[in-house]
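The first chain written gets the first letter, and so on, giving A, B, C and D; residue counts start at 1 in each chain.
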Amino acid sequence: MIKKILVANRGEIAVRIIRSCREMGIGTVAVYSDADRCALHVLYADEAWHIGPSPSVQSYLHIDNILAAARESGADAIHPGYGFLSENPEFPERCKEAGIIFIGPSSHAMSTMGDKIKARKTMTAAGVPVVPGTGDAITDELEALQVIREIGLPVMIKASAGGGGKGMRLVKREEEVRPGLRAARSEASTAFGDDAVFIEKYIESPHHIEFQILADQHGNIVQLFERECSVQRRHQKIVEETPSPILTPERRQQMGDAAVAAARAVNYEGAGTIEFIVDKDLNYYFLEMNTRLQVEHPITERVVGVDLVKEQIHIANGKPLALRQDELKQQGHAIECRVYAEDPENQFMPAPGRVTHIDIPYGVGVRVDGSIYEGFEIPLYYDPLIAKLIVWGKDRKEALERSRRALQEFKITGVKNNLRFLERIMHTAGFVEGDYTTHFIDDNEDTLMQDETCDEHCEDIVMISALMEYLRKIRKASPKEMTALKNNWKDYSRVRSVLKL
Amino acid sequence: MSYEVKLKDRIAQIEVISHHGNKLLVAVDGREYALDFVQISRGSYSILHENKSYNVELIPLEGVKKYNVNTTKKSFEVEIIDAESKYLASRREADEEADAVISSPIPGKVVKLYVKEGDKVEAGQTLVVISAMKMESEYKASGAGSVTAVDVSEGESVDGRQPIIHIDYS
Amino acid sequence: MIKKILVANRGEIAVRIIRSCREMGIGTVAVYSDADRCALHVLYADEAWHIGPSPSVQSYLHIDNILAAARESGADAIHPGYGFLSENPEFPERCKEAGIIFIGPSSHAMSTMGDKIKARKTMTAAGVPVVPGTGDAITDELEALQVIREIGLPVMIKASAGGGGKGMRLVKREEEVRPGLRAARSEASTAFGDDAVFIEKYIESPHHIEFQILADQHGNIVQLFERECSVQRRHQKIVEETPSPILTPERRQQMGDAAVAAARAVNYEGAGTIEFIVDKDLNYYFLEMNTRLQVEHPITERVVGVDLVKEQIHIANGKPLALRQDELKQQGHAIECRVYAEDPENQFMPAPGRVTHIDIPYGVGVRVDGSIYEGFEIPLYYDPLIAKLIVWGKDRKEALERSRRALQEFKITGVKNNLRFLERIMHTAGFVEGDYTTHFIDDNEDTLMQDETCDEHCEDIVMISALMEYLRKIRKASPKEMTALKNNWKDYSRVRSVLKL
Amino acid sequence: MSYEVKLKDRIAQIEVISHHGNKLLVAVDGREYALDFVQISRGSYSILHENKSYNVELIPLEGVKKYNVNTTKKSFEVEIIDAESKYLASRREADEEADAVISSPIPGKVVKLYVKEGDKVEAGQTLVVISAMKMESEYKASGAGSVTAVDVSEGESVDGRQPIIHIDYS
């Protein structure tokens, strides 16, 4: 049985994992880089071990340093969280060599699912629908044209060696096929020295819906229903909810079964997520599997009533799953809002800095997972996710109303953040009606970037407050001198000198 | 005594008529406000106006004259205009015509520096790349000119609004 | 439909009610006494109206002032919360006269349940079991002796006009009957000028178990299961949980039915609680009905998945209950810990004062309802309840483990409080095993008052920290002078003068 | 330089051997501690000792020498003993023999005052009733003596530890 866990991560997920360990009576080891000496996970864990300089490659991605900390601290297991090393197939292997339990799937499951072509083939073999298209990379133009004809327009042409949008072409009309194909291949050749391409059916109004699964070491697998993750900005999820407003019970059942089949196909072990792309007619296609805990796992926890981190630990301990598929149910509705330290008014630029004040929402149906505190300096080296608001309601309407209330209470000052942007999402018609696709943010840019209103006296009161604060400070700096002052020009020189005290 | 306070483009004249305990009587451009005005904690006030409850938080931006003011619904930048501010504003205007300073709005790290002191630059030319929280941003020259100073070197961390490169566009 | 609600209360319950109003889009009016100008409910509500000086009788109990605030603010309904005017039958009457909706039961239901004799008769008529004993006050000694013989020992003799323990006698043995009776009557006569007494069977190892009910204006009544409230100190509840660790499904059903019958007997409307006393053989007896929201209502909200304040408002709006008895279920387990500003090391004396710092627990399964913030001065005029921690787990074990974790995270500094005392309750065998009665606190005094332990270096580190803080402050006061100092005697005079700056 | 620090009945000699950045080397009664010692916010420290993470919060009780120290599990009262403390401690001892001050440990309101200056009191006699948060507490004389001063009147609010009645028990 695991007695001490090293959490190879930082931020809110490290704190969240430590919480569950503490509830189970398991010792906790935090690791930290130079920039994170005062991070919450360091303060919160039983132990804290330094693993290197601030850049991730020298610390949170540095397997040797992490294993050394595990050995020296006597941790018998490592939880990778999400991001960083969580999907690196080398990490579970290295843990195994070191005799330390890796809380997650096997290296084999990770690498199979991490390779797009392998994953696609494995899923097809397991009977899980994949997006129609070429399984292998195509280097021959005629073959490519034939595939496109078979799939039917629109299609997406992607460089085989690619990434980051380079060598990608969307082709909607017949006359664009040849020029599009040639442009994509030439771009791919220039960028990656390889002109092989994939061709895939393009889904026009897609939903991004994922299923949570849990699999033990004894072949038992359950699915814990879906999460609707279509509110995205530049492929970055912002708001997630469960249940999805578009799924029918029948389709949920089919997709859940497909998710279990997908996990079984790679002998999966632990918690994992199968991502599907779903079109407006509820056709669904396997997109990828995330072989780790997801950022948005708490909405599943709330609606299904399960602590997923504890389940991960039980599985790693070799225990058989205590959950039975026919006993699992979705109770009510949950919405997660991701709070980022970023500036929505300036192209969502990341905004590190010192948090001066936080008002956190409380009360019925509200959970906050975060990693900041008053006085904390958000480092500039890592992801700008600083907190997650998870709200539950007996139905979608109540969850939405409660999210609005909670967001209104939620205030973070000192660093720019997207709280007001999230609040506007909760008021935007498409979201309110549950009628949105992955294009939601782009489609509603005008509404979402609108400025808040303030009642007729609000601006005056704001100016009065600023003046009173100014006068208070001036008075405090030197009460005697100030009361004698008569005009602004005299003020000036005296105030300056006084404030330098 | 009356003060000038600036919010966006508006400059209001605010007069503090009386202030005893919580009771504050002020006039904003001649409109009177009888407020119940209480400090809750440093920089944070509770204000009752005609029984409406407002919570206002003030974060000093520069010294004691410029504040970021948060209300429940909205944030504002407010400036108290006194003699010093007026002088600085006029100086700033005069300076801005010829001299420009490149700075990052947020703290970050200098990834790449393309110019050094004395370099001639053209409009649109990339001067520096700053990385912050896994995102890189390029900063470009807004016109033709010459680099009068470079305050940082590659790999160095910079604060938000810290001057990085000075350019003479004249 | 109600558009604006005045909350005739303060503290955590006022804030909690405002939260649900806000979620429903209903305007909120706070009322406050002199001492409460900076209280959280005033800051949090849309509007705030002053209703008088600090003592409750001149403010929160002052019906005229509260109705005046309702009229002037244009509130169309009043929520009384708990305590204060919430069980005063005059208040609903006065609201009715003023044309304002009172969110709660009728004056009739309140006064029936508020009168012990009337309540007892009404319950007996409705077939709800009551504690065996005299229904009416007895003034004749022979009659009293006969009643005692019928009920059987042990019995409790209570002054009819009494309260606060005066004129109360527990009689366990035959030879104590006559002297006990005489002493009780003489004490009652001296204290209240009335020697009439009640005689009741004394339940030796009692549990205090209550049932939550909701009744609409159309005769529909549902029960939302029980709350076990046996962890009490001087009749003050400290920890509550649901489900009760001792109830069987059959007994739960019977008591739930009895609770519904009790509510029906007074044509109850709104949210209410039927309190039962339960002995070790699960015999249950009606104790009293609380005709309002209870402090501990959130554990029911969590386990049943209902927002009770919203239900109260729907009922006041004349809506039929949307909840159906056969669809209501208890999901998992919830525990509430009441956080008081009091000093457990000094006879639990109330401890008002200024809150300097708060660490509030977050994360999976944790809800906090509170009324304090950093810098808040807890007034000395009101109840010392400052926060409630409500924790949910999939079963009792998880709820208990999570409560421990949350209490460990929970820190309030500046005022004495019972957080560590609550933490010790969560570790005490009787509570851990779910085997406790209302005598729990008394029976476990030694364990509960035990001092915490600290590991071998802990005390040293504490002393080092204090010294470093001292040195930092000295240095800050005057860096130049201090560095030149060589010995303690010189320190002394200089430090003093510097610190006076 | 070495300091005397008192926790409960223990007085420890603490020597700060070196302190550079976060790295603090100290000896407590000769036992060395190499700590990573960082201030998190005012009065709050994160301390790593042999990789164990301690969070310590300090609330000043009186001036700069006496603190309430909270760790995750337990609270302590700690005092730095310097010359002033020693002097005050010796004075306190001398005073306590003959003179006693009645005070409430918590803020409250004087409900009833049973004595006035010059009154003779007996052991166990109730002197004053203080009410705080709906609870009333009686304060009694610990022995026979006479009231030398009464600092408050009925209905008045008092702070915690504020002297209320002075009694000469000699």
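Here are a few things to note about the model shown:
Please note the rule applied: a contact is a pair of C-beta atoms (placed from the backbone, for glycine too) under 8 Å apart; a residue touches a chain by one contact, two chains touch by 3 or more.
Because the structure is a prediction, the values reported are computed rather than measured.
Any chain touching chain A that also touches chain B appears here: C.
Shared contact partners of chain A and chain C are B, D. Just to note, of B-C and C-D, the chains joined by more C-beta pairs in contact are C-D.
The distance from the centre of chain A to the centre of chain D, each centre being the mean of the chain's C-alpha atoms, comes to 49 Å.
Centre-to-centre separation of chain B and chain D, using mean CA positions: 46 Å. Chain geometry summary: the mean Cα position of chain C and that of chain D are 32 Å apart. Under the contact definition stated at the top, the residues of chain C that touch 2 or more other chains are 408. Looking at chain B, one finds that residues 52 touch two or more other chains. Interface residues of chain C facing chain D in the complex, by the touch rule stated above, are 341, 343, 346, 349-353, 356-357, 380-384, 408, 411, 413-414, 416, 420, 451-455, 457-474, 488-489, 491-492, 495-496, 499.
Chain C contributes residues 30, 37-38, 42-49, 72-73, 373-375 to its touches with chain B in the complex. Those residues of chain B lying in contact with chain C across their complex are 22, 36, 38, 40-41, 46, 48, 51-53, 55.
Those residues of chain C that touch chain A in the shared complex are 15-16, 19-20, 22-25, 298, 301, 305-307, 331-332, 360, 362-370, 394, 398, 401-402, 404-405, 408.
Residues of chain B that touch chain A in their complex: 3, 5, 7, 10, 12, 14, 16, 24, 26, 28, 31, 33, 35, 37, 39, 43-45, 47, 49, 52, 54, 56-59, 63-65, 67-74, 76, 78-80, 82-84, 105-109, 131-135, 137, 157, 160.
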